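Shared between the two complexes below is subunit A, which has subunit B as its partner in the first and subunit C in the second.
Presenting the complex of A and B:
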């Protein structure tokens, strides 16, 4: 093979910055295959310094418009650990419900708006709106219902306002939760089953590419770990979340303004596929059946299957949401005040599975309850080195295909991870029609 | 009437929509109007546009005007740049949401966009003086829209 290849896909995403796919091959030898991130750093950690424990979660929930809930919950957990604030079972259940909603919303959007157009080779979701309006409407219906969970439990879907350190400022009513349960059973379940059918029809279009890598997610003894658990690696097993730095090892690369990470190999994978590989035995029957229908097997190392893992775990989130509501109603909702009396001032770590993988926040507080140090490691940063490693294996395997096809496979690969490259600003670009 | 704000208040002038909602609440104007902040979840627009109502969407917009300039326009009066090469769902913005709404027949006939030309979009809290000064003008435009509704 003496092929020369020069691929440079520039994806301008808003004013914030962009991610570019860059591949260089000279006379059959791969010189470069990487995702370049030129997003300006966000300095949220610096913004946190000096802030009180009441403010931390409010600020971090603004890091990202789509992942706000995950940042908020993770922030609250870090603060509570640092200040020794115990939370009730009711608080934990309500937070788990919120995470289910956010996970379903993100997974559904990714599967329908990014992955499905790839599998159908239509370039974007926009042609699908015309050709498959019922599918797009289903996706939007599911997104809205997932958002409703946020509205009912946290007061506001995108930027939750009632979850605070130590609990909630408002507890949803039994009637609200009962209505939510009805919608989950009557609307979400049929839509999820239809989603599995839609994805089954498209599954034959998923690129066949495998690269064994290390998969890291949370794992707990009693459920499909999203809210908390140990850090679990397919290579080395479980360690407590206090070991997170040893499992992330952030490092700087010249082609990215975002730091990369590694653990036991050159790179690792976080996200739905990592959760599946580590926790498939914790899924409910509906999700297990969906995995079987969609051909998702334990030990899967095809990154393009991340979308399928997202659909599978969405089914679990819906079923478990109903179980959580049942439990809350059975025990009876208590009008608790949040526990905001610190019992100590020190360092705390929060680790949560957000849609794109494990999110870590670590804060240190002084005796006035103000933050003196903060560290946030987001899932996309953890996946960047894994994406580069995927590209380096993928390109030589498909080098005989056309440049367009190679480019398309690379774009699909990056999209499979749904990276959070530039999400904090969404502004209109407008030209007036003369 | 429904006033829908979009944008991120932690990114300087991108927070103009939220500032307008705050100012409406503080001044107690537009009684009866439903105020919604979709922040950066642009696709949430599809859940909030209301067929029978006047919908006003407030956002910072690059329009080639001076910082703080305000322009009100209908969706069909402008060309909004739609990006079709998204690497992530994070890239979906209002232009894309309006396009989907139109295609699905969910774009109410009475939808007005009020754009404010930003001065600075960077991570900090608070509006630039030029954009802060534009907030009362945005509210006047919305009030005029309500009156034309009467």
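Presenting the complex of A and C:
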């Protein structure tokens, strides 16, 4: 095979942020296959310097609108550890509920609005309004309810208001939570079951491609780890989150304004598929059944299956949200003031599973409670090297196909990771030159 | 029936939370789609055609490429609406302008700092004519619907000029200052229905400053409520660094 191939997808669509796919093959030899990140650099770490601990989470949630809740919670955990602020069980439960809402919202948005159009061979979700109205309405209904969790518990779903260091500025009422629970049970559950059926019908469109890699996610003893846990690798097992630098090893590459990462191999995978591979034994029965229906198996190394893993874990989030609300109502909601009296000033680390994978924030505070150093490591940044490695294996495997088909597979590959480029810095373009 | 307005949605340097807030009109999205044709929206669709009646633009301008693209968008759009704090007043990105740019680049990228071009973060109006604004971080959804409806009906949207305090009083909220917190409501532009104070948080100033703000008075109140002069100014800078500090290159 002596094919020449030049693909350059500039500003890839249906992803968050700005990236280009660039592939060059000369006489059958692959010279370049990479995702170029061309998002304008943001400089958040530098913007945080000197700011008050009250502002850290307000600023870092603006790294990304889609992941704002994840950044906020991770930031609060890092600040609380650095300042020695204890939080109550109620605060932890409300935060876990918020993470479930944000995870469902993001996963539904990705599966229906960003990924599904590829399976149905249309350019966006908008044509589906006419051809598949019941599916679009279901997606909107699910997204709305997931966002309702954010609205009720945190004031709004994008850039939440009430979560602050040490707790919440407003506690939801029992009536509000009861209503959420009713909607989760009566509306979200049937919609999730229907979603699994829809995805099953589309599963034949998922490309068959495998590449063994290292999968890294949080893992805890008692639940499907999202809010906290140890860092867990499919290669080397568990280490505490204080070891995060050893598990990320950020480095700069010229084709990306986002830094890349690696751990025990040349690259690793974070996100729903990594959580599935590490924590499938912690999922509830509904999610386990969904995985079986959708053909998702432990040890899966097909990156295109990440979308399926997102659907599976959304079922878990819905079921666990109801359990959390039950617990909150059973104990009784307390109108607690946030605990904002620091007991020390030092360094703290927060690690949280946000929809796209593990997110790390680390801050150091001076004695006035102002940030002297900050470091944020973003899931999409951690996935970039893995995406490049996937493309290098994928292109030679499908080189006999048409350029359009190759481009489409590459675009779908990048979309499967549900990249969030604003977070990592912004998204993707592919150009063909033959 | 007249042809539906062609709408395009663009993003520059920012978090895309305003765009997400447009996708988050779950209850109204299908009605919105019934009244306009969305012809370009990279975050949600593949198509990329040429001209549009209304362009909604999110984000600040912070690279040479941004400047080029915004001129192109302005040429093709009959009406250009800046959406969200980053586009309207520079927003949180403006904080990177406060310190010398070389220092900022070095802190984040180290010796690789010259790989990526960067400029001081600018609001859209610093570079092109902006016809209307939807403020907030994220953009205020009720305001977006008001501006959108007015434009679709061929009317001029009315932009608020009073402070968040006026809306907070109408909501009958307890004043944030009396709760022992600080607040930027007195100098921040209304239009959000005092959403943050209603949820127990102080106003962080995301909707930008009112016209002719009394900044000295604001600083005085913040200092009375426990902040140092320096800290008071920093809080004001959070979303408004471009207006308060100007831009140095």
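Note that the second predicted complex is superposed on the first by the 415 of 434 C-alpha atoms of A that agree within 3 Å, B and C clash if a C-alpha of one lies under 4 Å from a C-alpha of the other, contacts with A are read in each partner's own complex, and residues count from 1 in each chain.
Convention: a contact is a pair of C-beta atoms (placed from the backbone, for glycine too) under 8 Å apart; a residue touches a chain by one contact, two chains touch by 3 or more.
This one's a predicted model, so the numbers in the text were calculated from it and none came from an experiment.
Colleague: Taking the superposition as given, does A:45 touch the first partner, subunit B, the second, subunit C, both, or neither?
Modeller: The second partner, subunit C, only.
Colleague: Mind working out whether A:320 is in touch with subunit B, subunit C, both or neither, as first, second, both or neither?
Modeller: A:320 sits against neither subunit B nor subunit C.
Colleague: Thinking of the overlay built on chain A, is A:144 touched by subunit B (first), by subunit C (second), by both, or by neither?
Modeller: both
Colleague: Can A:170 be said to touch subunit B (first), subunit C (second), both, or neither?
Modeller: Second partner only, subunit C.
Colleague: So in the superposed three-chain picture, is A:390 touching just subunit B, just subunit C, both, or none of them (first/second/both/neither)?
Modeller: neither
Colleague: Counting only touches as set out at the top, which of subunit B and subunit C does A:64 meet: first, second, both, neither?
Modeller: Both partners, subunit B and subunit C.
Colleague: First (subunit B), second (subunit C), both or neither: which does A:228 touch?
Modeller: A:228 contacts neither subunit B nor subunit C.
Colleague: May I ask you to decide whether A:162 touches subunit B, subunit C, both, or neither, giving the answer as first, second, both or neither?
Modeller: second
Colleague: A:126 in the overlay: touching subunit B, subunit C, both, or neither? Say first, second, both or neither.
Modeller: Both partners, subunit B and subunit C.
Colleague: Once the two structures are fitted together, what part of subunit A is touched by subunit B and by subunit C alike?
Modeller: 11, 13-15, 42-43, 47, 59, 62, 64-66, 68, 109, 113-114, 123-126, 129, 136, 140, 143-144, 147, 156-159, 422, 426-427
Colleague: What residues on subunit A touch subunit B, complex-wise?
Modeller: 9, 11-15, 19, 42-44, 47, 59, 62, 64-66, 68, 106, 109-110, 113-114, 123-126, 129-130, 133, 136-137, 140, 143-144, 147, 156-159, 411, 414-415, 418-433
Colleague: Which of the residues in subunit A come into contact with subunit C in the complex?
Modeller: 11, 13-17, 38-43, 45-47, 49-52, 55, 58-59, 62-66, 68, 109, 113-114, 117, 123-126, 129, 136, 140-141, 143-144, 147, 154-159, 161-162, 164, 168-170, 252, 254, 257, 422, 426-427
Colleague: Considering only the defined contacts, which subunit B positions touch subunit A in the complex?
Modeller: Residue positions touching the partner: 6-11, 14, 37-44, 46-47, 59-64, 71, 73, 77-96, 99-100, 103-104, 113, 115, 118, 121, 123.
Colleague: List the residues on subunit C that touch subunit A in their complex, please.
Modeller: Against subunit A, the touching part of subunit C is residues 11-21, 23-24, 26-27, 29-30, 33, 38, 41-47, 62-63, 65-66, 91-93, 95-96, 99, 103-105, 107-110, 112, 115-116, 118, 137-138, 195-196, 198-201, 204, 231, 234-235, 238.
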